[in-house]
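Shared between the two complexes below is subunit A, which pairs with subunit B and subunit C, respectively.
Take a look at the complex of A and B:
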């Protein structure tokens, strides 16, 4: 049963959508090229959990994704599966299938009972694969696909003399199928505009779902696609409103911000335990979770101004984090509690939380350069060149150097002409974060010398990390960056700052108080989100496969 | 900058507000306190001035009987003590020794059951007469002058005993616990009794002693602070190497709405070290698979906090019950029959002979041992049940 609260949320989302529709008209765009992208690890796990429940364990290693134009989601359109990766998928598929058909789960997950558990039952098998195949393939299975699947199931059932084991084989086949592992854009002729193409309804449903929920479409969205509702503005708006009102939006936005802020690096984050004993694996995972909670709380639950993420002192805390922040935490281990940093803490904004501080430092010391680069890259969508191959770190890394603080060392290092250019754009930002050591713990001095945390961001000067927070909040690049990244994330294609659609979104974002939910609605309901280039430029998935 | 400035900062940063007031007031108080922190750092002055009262917390990570070891072990001229097993073996004749494997095949720890009628000599220490315990004969010891005199003469609360000279030269140090255990291998620096107990507490969090110092006006010199001892409820937070991490939060153990432990003694701060007056204090204990509700009478504590505020080291003096220490000693022997290196009857007799505090009203015999302990602790946030996130004071 749908709760009153949920209905109200849908209503409000719909109302907001309606109001948003009264704004400036969306510019016409050429659309994004059709493509194929591999499911990310998180998407794979989300889909399995959505279809079969969270009790199904997914264990295995996934091929890494490639970050392209700032996002893994964009890189996903250019990634394939290695032979070793395919072996992993095969093993995972068999393992998942075995769990689904196990004694413990079959009653719930298989919607029918065979005439005999020891023999193949076509009716029951077809019923199961019709339901599951539609959710995994994000469209109804074609007749020939169903026939092939049933054939495998029958052969396995007969051979093993067990219906459920046979179904397991059939299911494993679906789970290693490219139709499951890859999200394919499929275009069709647009009947309303002769000579043009449009995404077909199921591709649009998948694009919406992976954008907002980071998972495959649910049954209702697929129904909307089947009924043709997603071809109409009204039908699309209704579904988008429902999806934005859903608690699953949080999952989607956690995935987006994890991607945007480079949180995949947490998988390989290591700190020197001798120098930062409190920053272990638990603290690292909690640090990531803390920032994601801060973000989703502000931009989704509070529906607040995105820019406030860089000045907010409100967050959540656990004991492992408390030990690194060196603050009292009243709740027991494993429990999150709301927390607000005091003004004098000099912590304001997510850039002053452990996640971004520790992630963009060295294992045993802070790094104003890495931190500055991270702010430029992740928060401002700016490109910082890699250091030259023959860079001389001797002045910076000299343990006997008289330069006690990072500022002193960097000043000596960046006098070298080859280094000066980049350091000028990173260090004034990163040096403002030097009050936080390599793990993110507050400090007032380094090696006995007081820390000067002044700096400037594109001409705006500040004296400390709080000043940097305000400068970030007020920087037009911050809001522009999230618009750009969301647009790229939604379509899977890099978007230029000069893109007409992005400009339109940026203005819309500003006029709506920098509310991310509004921005999501605007993107998901815009024509550009699903626009396909003219047939000459576009290549359908089928054609691509053939090539 | 004053060398002690970092400690002021740390101290202020893990303070706890004394009385929860309305939220606005609490916020104001936090603001004031943190402003005071800034003022201290900037001005590098050792005086907090009119700052709010502060509260410090520490979790005890090591609790050891203070045993002074001379360079040539000359405090133990007779050598270290034999174990229950050694004594049992020494009394066997050749034939009995030859049959030892047969005995061990049918009886566990036969050396414990060598009472006149086969009693367990740890349960019934008077059932056999063992050689006297080899006790400390040296003249130097850790500890404090608990009874106020330097000649060891009996007082209203003490029995006649022999005093030590402190390692730091203090005259009249009372430490009969050291005299009792100082020549027992298990209590010395390489012995495992104290190491085991510390390790058991570290891994389980059981018997954790929390020390809260409240009513602090000035971290350098303060003529009055309160020192309260609690039992912690949460396990120790450790790093990957097993070291206890500072600045973790610990709940105190409660019973019927009140702290299960919570004895308080008055104290003062002298040149940055916390020194308490005397008071009877109950402390939790777990170690060597045994729990104890330790009572230390006339306890006094001297606690020195490291310059970075993360750790502290302390000395504890006081009178410890003979009955309590014997119960601990005899109980652990079941767990470590081979390696404890003492005999229960020997300990029992010597402990009663050496007792120098709190004479029994009827017999006049003293019932407690003057004692000294050394502790190590890490800075901790001690969470009282009423503590709410809004009360948190942070850097």
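Take a look at the complex of A and C:
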């Protein structure tokens, strides 16, 4: 049963969409080249959990994605599966299948009982694969695909004299199939415009679903695709409103912001236990979670201004985090409580939370350069040039020099012409965060010398981290960056700042108060999101644009 | 009943027995001596296999602290401070000095261009481009088809992304980082002990093959739907499917009895400062030592004929507990001690890398195989990404080879490159391992000249 709360959320989302329609008019664009992309590790896990439940354990290593134009999600469009990676996928497929057909799960996950558990039962097998195949392939299985799957199931059932083991092999076939592991864009002739193409309804459903939920379409979205609703603006708007009102949007946006802010690096983050004894593995995971909670609370639950993420003092706290922040948290371990940093804490914005501070530092010390680079790259979508090959860092590291603080050392280092260019880009930002050590704990001095955390961001001067927060909030690049990244994330294609569609989205974002939910709706319902270039160009430009 | 199977007749015949009439046990007698009189071939006449692997460490050597430079190639390597641990092994090693990595005006992407140039034969155009397959994979294409896994990638750093083997920019595999998981993958329930007398082909393996065969039949359908660039992605996927099918086929055959293969003990979990993996030097050393033993036995047991082992990343993050600077930052920031003529802490980390290489060599040299050791039948390419990390130099990157490749190469040589492209070493490795290649590399890295001084 659909709750009243949910119905109201859908209604409000639809109303917002209607209001948004009064804004700037979407320009006509050529569309996104067709392509295939490999499911990310998180998407794979999400789909398995959605289809079979969270009790199914997925364990194995996934071939890495390569960050392209700022996003792993864009790299996914060029990534395949290596022989070593396939060994892992095949093993994962068997393990998942074995769990699904196990004694403990079959009653729930297999919708029928075979005539005999010791023999093949075509009717029951077909019933099972019709249901799960549609969810895993994101479309109904074709007749020949069903036939092939049933043949495997029959062979295995007969060989092992066990229907469920047979179903397990059939399911493994689905899970190792390219139809599951890769999301393919499929175009079809557009009956309304002769000579042009459109994304077919199931491809559109998949694009919407992975964009907003980071998972495969649910049954209702597939139904909308089957009925042709996604070919109409009204049907699309209705489904997008439903998806944005769904709690699953949080999963999708956590995935997006994790990608945008480089949170995959948390997988290998470590801090020196002697220098930062409070920053253990639990604190590291809580730091990531804290920022994601801050983001989803502000941009989804509060439907707030995206730029406020960089000035907000409101967040959530746990005891392990409290030990690093040096604040008293009374709730038990593992319990989150709302928290607001006091003004005197000098913490404002997610860039002053442990996640971004610790992630962009060394294991045993802070790094104004890494932090400045992270702000430029992740928050402002700017490129910091690679360091030159022949750098002399001796002025930076000389322990006998009188330079006690990072600012002193970097100033000395930056006197070298080869280094000065890049450090001018990164350091005025990073040095404003020097009030936080390599783990993110507040400090006022380094090596006995008071820290000067003044700086400037593209001409806007500030005296401390709070000033940096305001400068970020007011920087047009901050809002432009999230629009750019979301557009790329949605289509899988690098998006130039000068792109007509992105410019349109930027204007729309600003005119609607920098509301991310509104931006999501605008992207998901725009023509450019699903437009397909003419046949000759549709399948040939992916690689070139990625480069 | 229809069974989907690849077209090979023996498996089809075997399946008829297994799937139609229940499991069949193929009992084969265990022989006491499987080798010929010379100890270089199996009694059945098949030569002992020759294996290939790479071993990587980050940040090279301090100039003047790795080896004594020579003016001309010849026997004898004079290992210095950072390579003390290799002295007992110098007769098993070749050292290659003064081979360069010309970048033809392309940027020196720090800690990247060096390994990409030396392993792919082409200098990268961007800081993340892998423009061609690394040569270990070209060797694996040739010799990796007769083992359970085509190749295995392992990193002692705790980061699965620390791998220097790639087919291209977007085709890289994740390295195994846990010795316990590695053990389970290699020597878990699916491991077939070659020295057990009885052998029963597992019908489940045949069914797994059938699954892959069935998937492979979708190739035509899918490639029709996609463009050229997507075809490359699908091609790689379907190649992976075909290779896994072939590897499963091997598991249906009784493995050759193999006295060198002994099921190793399960490794204990590393727990240093509460961490099982990571870049603390003691953690890395512990995990590397565990990996070395498992890798050597994996190779001896024909689980893989090619492998890649990473001790530290190109941007080595190795660190000591309680120290704020790690290996990489030390390499740039640590002042040179005028009394000893180097950066002492950086040099200390460099030396630990060579300690680890010695551990790896010991693991292979410690397994008797035929008349010699596993190392005699293996060729290991050990290399870094810079020569002098402080200035990111990609000329004179230290490279060594270890092992005799089944008697195909001489060892104990110090080869002087005189500025020749470093690709001469990779080309020589490929030729020794049977890759049909005359020229390798592009632009100034292209070469057709092998290093004949080490060839037998």
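The criterion applied here is as follows: the second predicted complex is superposed on the first by the 539 of 547 C-alpha atoms of A that agree within 3 Å, B and C clash if a C-alpha of one lies under 4 Å from a C-alpha of the other, contacts with A are read in each partner's own complex, and residues count from 1 in each chain.
In this text, a contact is a pair of C-beta atoms (placed from the backbone, for glycine too) under 8 Å apart; a residue touches a chain by one contact, two chains touch by 3 or more.
This one's a predicted model, so the numbers in the text were calculated from it and none came from an experiment.
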{"item": "Partner chain in contact with A:339 - subunit B first, subunit C second, else both or neither", "value": "first"}
{"item": "Contacts of A:78 with subunit B and subunit C, given as first, second, both or neither", "value": "second"}
{"item": "Touched partner set for A:452, first subunit B, second subunit C, both or neither", "value": "neither"}
{"item": "Subunit B versus subunit C as contact partner of A:226, first or second or both or neither", "value": "neither"}
{"item": "Which partner, subunit B or subunit C, touches more subunit A residues", "value": "C"}
{"item": "Which of subunit B and subunit C A:322 touches, first, second, both or neither", "value": "first"}
{"item": "Which superposed partner A:94 touches (first subunit B, second subunit C, both, neither)", "value": "second"}
{"item": "Touching partner for A:273 - first (subunit B), second (subunit C), both, neither", "value": "both"}
{"item": "Touched partner set for A:408, first subunit B, second subunit C, both or neither", "value": "neither"}
{"item": "Residues on subunit A lying within both footprints (that of subunit B and that of subunit C)", "value": "273, 280"}
{"item": "Subunit C-touching residues of subunit A, taken from the complex the two chains share", "value": "33-36, 38, 61-64, 66-67, 75, 78-88, 90, 94, 145, 148-149, 151-152, 154-156, 158-160, 169, 172-173, 176-179, 181-182, 184, 186, 267-268, 270, 272-275, 280-281, 362-365, 386-394, 396-400, 438, 538-540, 542-543"}
{"item": "Residues of subunit C touching subunit A in the complex", "value": "1-4, 18-19, 107-110, 127-128, 149-153, 158-161, 167, 169-174, 176, 203-204, 206-208, 210-212, 214-215, 217-218, 222, 225-230, 232-234, 236-241, 243-244, 273-275, 278-280, 317, 319, 321-326, 329-330, 332-335, 390-394"}
{"item": "List of subunit A residues in touch with subunit B within their complex", "value": "273, 277-278, 280, 317, 319-320, 322-323, 325-333, 337-339, 341-345, 442, 444, 450"}
{"item": "Contact set on subunit B toward subunit A in their complex", "value": "1, 9-10, 13-14, 16, 30-31, 34-35, 37-38, 41, 234-235, 237, 239-241, 243, 245-249, 251, 381, 383, 387-389, 391-395"}
